[in-house]
Every structure is written in structure tokens, then in C-alpha cells.
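The structure appears below as C-alpha cells.
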Amino acid sequence: MRTQAEAPEREPLSVDGTGVALTGVERGYRGRRREVVALSGLDLQVRAGDVVAVVGPSGCGKSTLLELAAGLQEPDEGAVVAMGTSDAAGRRTACAYMPQRDLLLPWRDSLGNAALALECQGVRNSEARRRAAPLFDRFGLADFEHARPADLSGGMRQRVAFMRALLPGRPVLLLDEPFGALDSITRASMQAWLAEALTEEPRTVLLVTHDVQEALFLSDRVAVLSPRPGRVVAELEVTLPRPRSRRAVVTDPEFGRLERLALEALGA
Amino acid sequence: MRRYALAGLLLGLFVLAWQGVASLNAVDDLTLASPVETMRALRDDWSLLMDNAGVTLVEVLLGLAISIAAGAGSAVAMHIWRPLREAAYPLLVASQAIPIVVLAPIFVLAFDYGMGPKLAIVALICFFPITVNVLDGLRSVEPELLKLMRSLGASRLQSLVKVELPSALPFFFSGLRIAATVSVIGAVFGEWAGADEGLGRLVLLGNNQLQTPRVYAGIVILTVMAVALFALAGLAERLVCPWNRKEAPSA
Amino acid sequence: MTRPLLAALALLAVLVTTGCGEKKEVLEPKGSKQLELLLDFFPNADHAGIYAAQADGYFKQAGLNVKIRQPADPSAPLKQVAAGRVDLAISYEPEVLRARDKGLRVVAVGALVNKPLTSIISLPRAHVRRPADLKGKTVGTAGIDYQTAYLRTILVDAGVDPRTVKQRNVGFNLNPALLTKKVDATLGGYWNYEGTELRLQGRKPRIIPVNRAGVPSYDELVLVAGEEALHRDQAKIRAFIGALSRGARALRRNPDKGIQGLLEANPDLDPKLQRAAVKVTLPLFFPPEGKPFGYQDPEAWERFTGWMRDSKLLVKTASAKDAFTNELLPGSGLSGRGQCCSAAAPGSRLRAIAGSRRTAVRTRSRPGPDPAPPS
């Protein structure tokens, strides 16, 4: 287990053209009464294939960070690069963005919702549905292809949203508190499921969460954000190989140490 | 079922009260016809009433069709182009303030007698609720969802067709229910400005010629027509928007 | 907790029942009686005499406080006066007869305009000089059944098959329909009003009053009272007609001054049109030589009633006898001047009319044939 001080030098991302990098990012917006600076001097790099978790207090700009990476916003200053391209449209194509809420379309069934992303890329509806169908088994949703979102539980809806995000096969996955709305039992099983899924199909992942344990369970590195204006105040390497068992996270003393470090950084 | 039973009971009480007032002779025969007399007029004048009702119904349906096409179309246009919305919305509201009674004869002179003026009036009355509701529906889409569509790489047209229009459907039907009920009033006003046929005309002439039971019979039929249209609109909504059922979700 | 609720309900019940009741008692200014008059239509030149009497104070001098009202719909005047909600109404001879046929207890108490005004009006380009020229043309009507009957009678009289004439219901927009060439001619416009309007616009209208084309003459506008009110309000009605005659005479002496009453009470009217209309209508406000003001010709009434019966507009009415009375006209029943109808004592015919319906105020049983009044 190595801490940050002992981490090897990383290759600058612009050279190999994969992964996500935010450099010196400033982003503000007009709030109710004044200018609000969400992020200031933010530096964060995600190597290809890495899972990086971002934790921070609420309102620290975590969602803004993701939207910048996703190409839905542009930084006021600094640069955002994803898969070698800094152009917003290019970032949108490279990243699969999963917002906090599943936002499934209530008038479509699960299959139709899962196929939505493909349709937006120009794939014909029937073809998109055909491609989405095999995933249902893998995601544990067999026989629910024709169910409407209203008939699904929270966890099931989240899995459909995952399918939607994953189907186009984009290399970068941006997850905004994907399990935040779920109860703890469902959350635990979903985390285990995601860990498995990422092992089977590795992606470059930037995961925003308020749950430090979740971050330690799923990611290779945890970045701690300061309160607004947000910037990275600590980065913790998590070197236990993935996928990890829940028991390991709970009992391994290294995890405890990292958790204490993270909480300290958050409290600071 | 119980809901209909209660409504039926209330209706029955109303009819009884009506018969009671009529029997008491508190109001004279030629102003108030009793339910019995109205029923008799319905029976005796059935074919006359039905023929004219048919004419009015055609005016209503065609006028509604026009208002649906124009209303939904304008709403989409106003949704997509903000300058259009800002320019047209106040005019849209103002159009409803002009009394139909005044417009009807003007339409008759502009469009000549026949269907034209009646369709124009029905369309004018029904256009507003449909347009406003569809516009509201289009604007009711969560920004989060539109952001998601952008991230999925959807074009403006795709967003419109896949997300905004389906979202607006329940709102459209709300507007349609309102339009359906007032459409009959529009047709009647159109006929009053000059018509050779139609239930509105029959009611008007009947009133002037003191044929009070026939007037009441005509009014009953017009009311039934409006209620039936309202119910049809509701039925259409249930068929087209099955996801919008406001049932308690199963735990 | 429930007591205030009960009190509220009781109050509501009282309000509702009194609201459903008959004419309310009105506080009368000292020395003058209230009289509500319901016009037949919007105020126009035909009402100039009434407004002249009002403006010149003749009603006040007769001890009357007259309120002039406009109807909400064309069937209102007769219904209101029959129900006793207004004292007098203005209506039309055919409608009075029809209303009585349907059981409405109303009586015409004086003629306001004693000749027909309804006409066939056309513009020169339609080439309608005589009724026979209507063959194959389109005629606009207001959809009124007795006016359609006028047209039928006129056509038959002129030897034209009614089926060759196309009729269109143009509502009350008779002149606009003519001017926009939607119809060749209209039937239902008044020669003194619609006709004058077209003349002033320089259109040179061709006008054929219906009584010159085969329809028996009738009183276009009549004053109507409810049967019950006839006896009870005798003096009031008589005073009204007397004052009205003075107003009409003042109008005749000086039309430009006399018409001010109408114009001032209704500033939205076009003075030029109203002045011109009044001038041509004036002769019709006045009775034939030797007859009292407001005289209704019994023979003409009988003839017209017969025509209505033949045209299937009346079902039960056998005679016009009880449909009108000249007893309340100024000078009749008093000094002997202008005794028109029966040789009976003054007021007896009134009692006869009011009393011939033995049954009480209002019943739902159909009235039988008119019983012969005692004379």
C-alpha cells in the first residue's frame, strides 16, 4: 500500500491521448445574489482504465466537475481534456455521463430507455433495441424488458440507466452519485455489481460520491475536494486489487487508515 | 363505479328539484319547461333535433380538428423560437378577450354562410386552451433531462421528438378536455350569427317562437354532446398516455 | 356550532323563495307611480315618441315615473310582461297573437306603429321591382317564422313557386348581407330603418312593404300589458298612453327638437339616421281621422289573425277579439269620443277579458277555446 508521497510519476496525459485531465480549471456561475465560484485551481487527472472517486462536502462543485468533463460546460479558465480532445462536442462523444437521477422516460419501457443513447447516435429504433436486449440478462433484469419505469424499483431503474450509459461503448464513464438515492442494502449490492461490471469491462471512470467507504471500495484513487471554491486537497492511492470484497474494506486496517486520512482532509 | 353512482344521484336530485319548481308554477310555462315536457319534446321532435344535432356535431369536430392542428403546431413553433413566443403570446391571450358574440357576425360576413364561420369560431375558442397547455407541457421538461439528451449526443430535433413532445402529451389532453367542452358553445354562437341548420339555430328560433320545451330539449342534447366530447378526450388520454396513471405506486 | 349554520341556511332559503316570487314592492316616490316599460329591441326611431314624452316631462305630469328598459333577448318582452315583472312591453302584433295562442296572457293595449314596416328590400342590381322578380333569387331572412310566412304568401300571391326562391338565415345582419352581395334581397328589414339606412348611403334601395305585396295589414309595434294588470293598472296604463300621445304630438310639431329625447338617452345612435327614420315614420304614430291615439283596427286584426291561422302560425286562436283592447286609449270610454269596439259600458270589455279565464293566476292545464265575453 503506497501513499501519495510514494506514488510514481504519472505520464502527462496529453501525450498518450487517453483518460481525462482537468488542469487549472476555474468555473463560476451567477447565483441568486452574487457570483459563485464553484471550482478554482482544480487539477485532476484520470489515467485510461483507472477508476477515480471524487469525494467532497456538498456544494463543493463535484457535479460541475463532472459536467465539465462531460462537455456540458466549458471552464472559465484552464483546460479540460478527454480522450485527447478538448473540444466540448468531442468530450460529449467520448464520455458517457450518468446524472444523479436515472431520468428514465416514463413512456418508454426498459428496453426503449436502455436503447435511447444508441438512438440518439442515429441507430434505428429496432436495431437499438436489438442491441440492448442481451444486456438485460447480464444486468440481472431479464424479463423486465417491457416493464415501465414506474414498475421498477430504484435499483432496477439505476441499472437501466447504466445500460443506457454503457451501450454506446464510450471509453469514459462519468458517474454522479449513482447510488445516492438508494437505500443502504440496495446500495451495497449495486456497488458490488458495479465493481464486477468494471472488472469485466474496464473503462476510465470518474465517480463522484459523498460516501468515503464507497469511494474506497470502488476506486483506484480517491481525490478529496475542498469546500467551495473546490480544488483537490488530497489524493489517496488505493492499491488493493479490484474487485474488492466488502469484508476486506471493512476489516483491512489500511482501509481504515485511508478513511481516516480522507475524513481528515474533508474536515480540514 | 361508485363515483358515477354519486354523480347520478346528484343528477337525479337536480331533475326532481327541477320538476318540483316547474310543477309549483313559480315560473311560467313559457320560461321554464318541466323535465316531463322536455322529455316529450325530445320524443316528438327527435328526428328534427337529431338532424340538426348532426350538423352542429360536424361543426364541432371539424373545428376541434383545426384547433388541434393549429394549436399544437403553434405551441411547438413558439417553444422552439423564443422571439415568436414573445411576440405571439400576448396576441394569443388578447384573442380570447374579444367577445365571440361580436366576432361571430364578422366571421359570417368574411367567410360567407355555411360551415366556414362556425369552424372559425369553434377553432378560435378551442385554440387557446390547447396552445397554452401544449406550450406549458413542452416547457415542463426537466432541464436535467435535456442535459442528459445533450450528453447522449441528441440533436435538437431528437430531443424534441423523443423527450419534449411525449412529455407534453398529458398537458395536451388537459387542454383538449377544456376545448372539447367549450367547442359546443362556439358552434352555437356561430350558428346564431346566421345559419340554415344546426341545433344552436333551432334553440334560438325556438326561444323566439316560444317553443320552450323544444328549446330545453335542444339544450339537453347540446349538454350531452359537450359531456360526451369531454369523456372521449379523457378516454383518448388514457389510451395514448398509459404511463400517466396517477396510481399509488406499489411499494 | 350548528346553530349559525342553520341560521345561514334559513336565511338562504328565505332569500331564495322571495327571489322566486313575483314583482317586488317598489318604494314609490311621493305622488308618482312607477311604470316599467320593456322595449322590443334596442332603442331606435320607432321609440322616439316615448323618449320625447319622457324628455318633455309628460310622464311626470301624468303622475308616472317611467323606467325604460331594453330586452335581453327577443322573447323577453312578452314573457316579462305576462309574468308581471314589467308593467308594459313593446312587441309586434304577430308575436302577441302567437304568444296568446301558446297560452301567454298578454293583451295589446295600443298601437305604437299602426302599419307594417317589414319589407322586402333589395338593391338595384338585383332587379327586383315587383315580388314576381324574386323568382330564382336568394332572399335573406332573420329566420323568424311569421316573416318566412310573409314571404311565402307574397310569392304565392305573385304567382312564384316558393321552391324557386332560396332562403338564407342571416340573423339580424340584413343590410350587411345585402351589401356584401350574399343575398339578392332581404325580408325582415323595416322600410323606415334599414331602408332609410341604405338610402342615406346612396344605395337607392328598392323597397316593397309586405302589406303592399299581399300580406294583410297589421300593427308593426304595439304596447302590451299582462291580462291581470289590465284591470288593476287601468289608470296607470291610460295615463301612460295619454302622456305618450302628447309626446308624439310634440315630436310631430318639431321633429328635430323632439328627437333629442331619444338621442340624449342613447348617445350611441347615429343622429342623422334616426332623424331621417323618425321623419318618415311619424305618420304611422298617429291614428286615422276621428280615432283615438293608439287605435287598433278590429277588422284589420281579424283579417290578420285569419291569415296567421291559414299560414299555420296559430293553432288555437279563433278570433282576435281578446287579443287587443282600445279601452285604455285616451278619450275612449270617457267622453264617448272614439268608442271603437262594443257598445258595452266602459271597462266592461276589460273585465270580460280579465275575467274570462275562470281559473286562477296560472295553471298548467291547457286553456280551452275563448269563451265569449259577456256583453
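Lettered A, B and C in written order, each chain numbered from 1.
The rule we apply is simple: a residue touches a chain if its C-beta (ideal position, glycine included) is under 8 Å from a C-beta of that chain, and two chains touch if they have at least 3 such contacts.
Source: prediction; values computed, not measured.
S.K.: Please state, in steps, how far chain C lies from chain A along the shortest route of touching chains.
M.R.: Shortest path length, in steps: 2.
S.K.: If I count C-beta pairs in contact for every pair of chains, which pair wins?
M.R.: B-C
S.K.: So, comparing each chain's Cα centre against the centre of all protein Cα atoms, which one is closest?
M.R.: Chain closest to the assembly's C-alpha mean: B.
S.K.: Averaging over Cα atoms per chain, report the distance between chain A and chain C in Å.
M.R.: 87
S.K.: With chain centres taken as the means of their Cα atoms, state the distance from chain A to chain B in Å.
M.R.: Computed value for the inter-centroid distance: 50 Å.
S.K.: What's the distance between the Cα centroids of chain B and chain C, rounded to whole Å?
M.R.: 39
S.K.: For chain A, jot down the residues that touch at least 2 other chains.
M.R.: none
S.K.: Touching chain B in the complex: which residues of chain A?
M.R.: 67, 70-72, 92-93, 95-97, 99, 101, 103, 105-107, 116-117, 119-121, 148, 150-151, 164, 168
S.K.: Quick one: which bits of chain C touch chain B in the complex? Just the residue numbers, please.
M.R.: That would be residues 20-21, 73-75, 78-79, 82-83, 98-99, 102-104, 143-145, 167-171, 173, 176-177, 180, 182, 361-364 of chain C.
S.K.: How about chain B: which of its residues touch chain A in the complex?
M.R.: 142, 144-145, 147-155, 158, 162-163, 166, 169, 241, 243-244, 249-250
S.K.: Enumerate the contact residues on chain B facing chain C in the complex.
M.R.: Touch residues, chain B against chain C: 21, 23, 25-31, 105, 108-109, 112-113, 192-196, 201, 204-205, 207-210.
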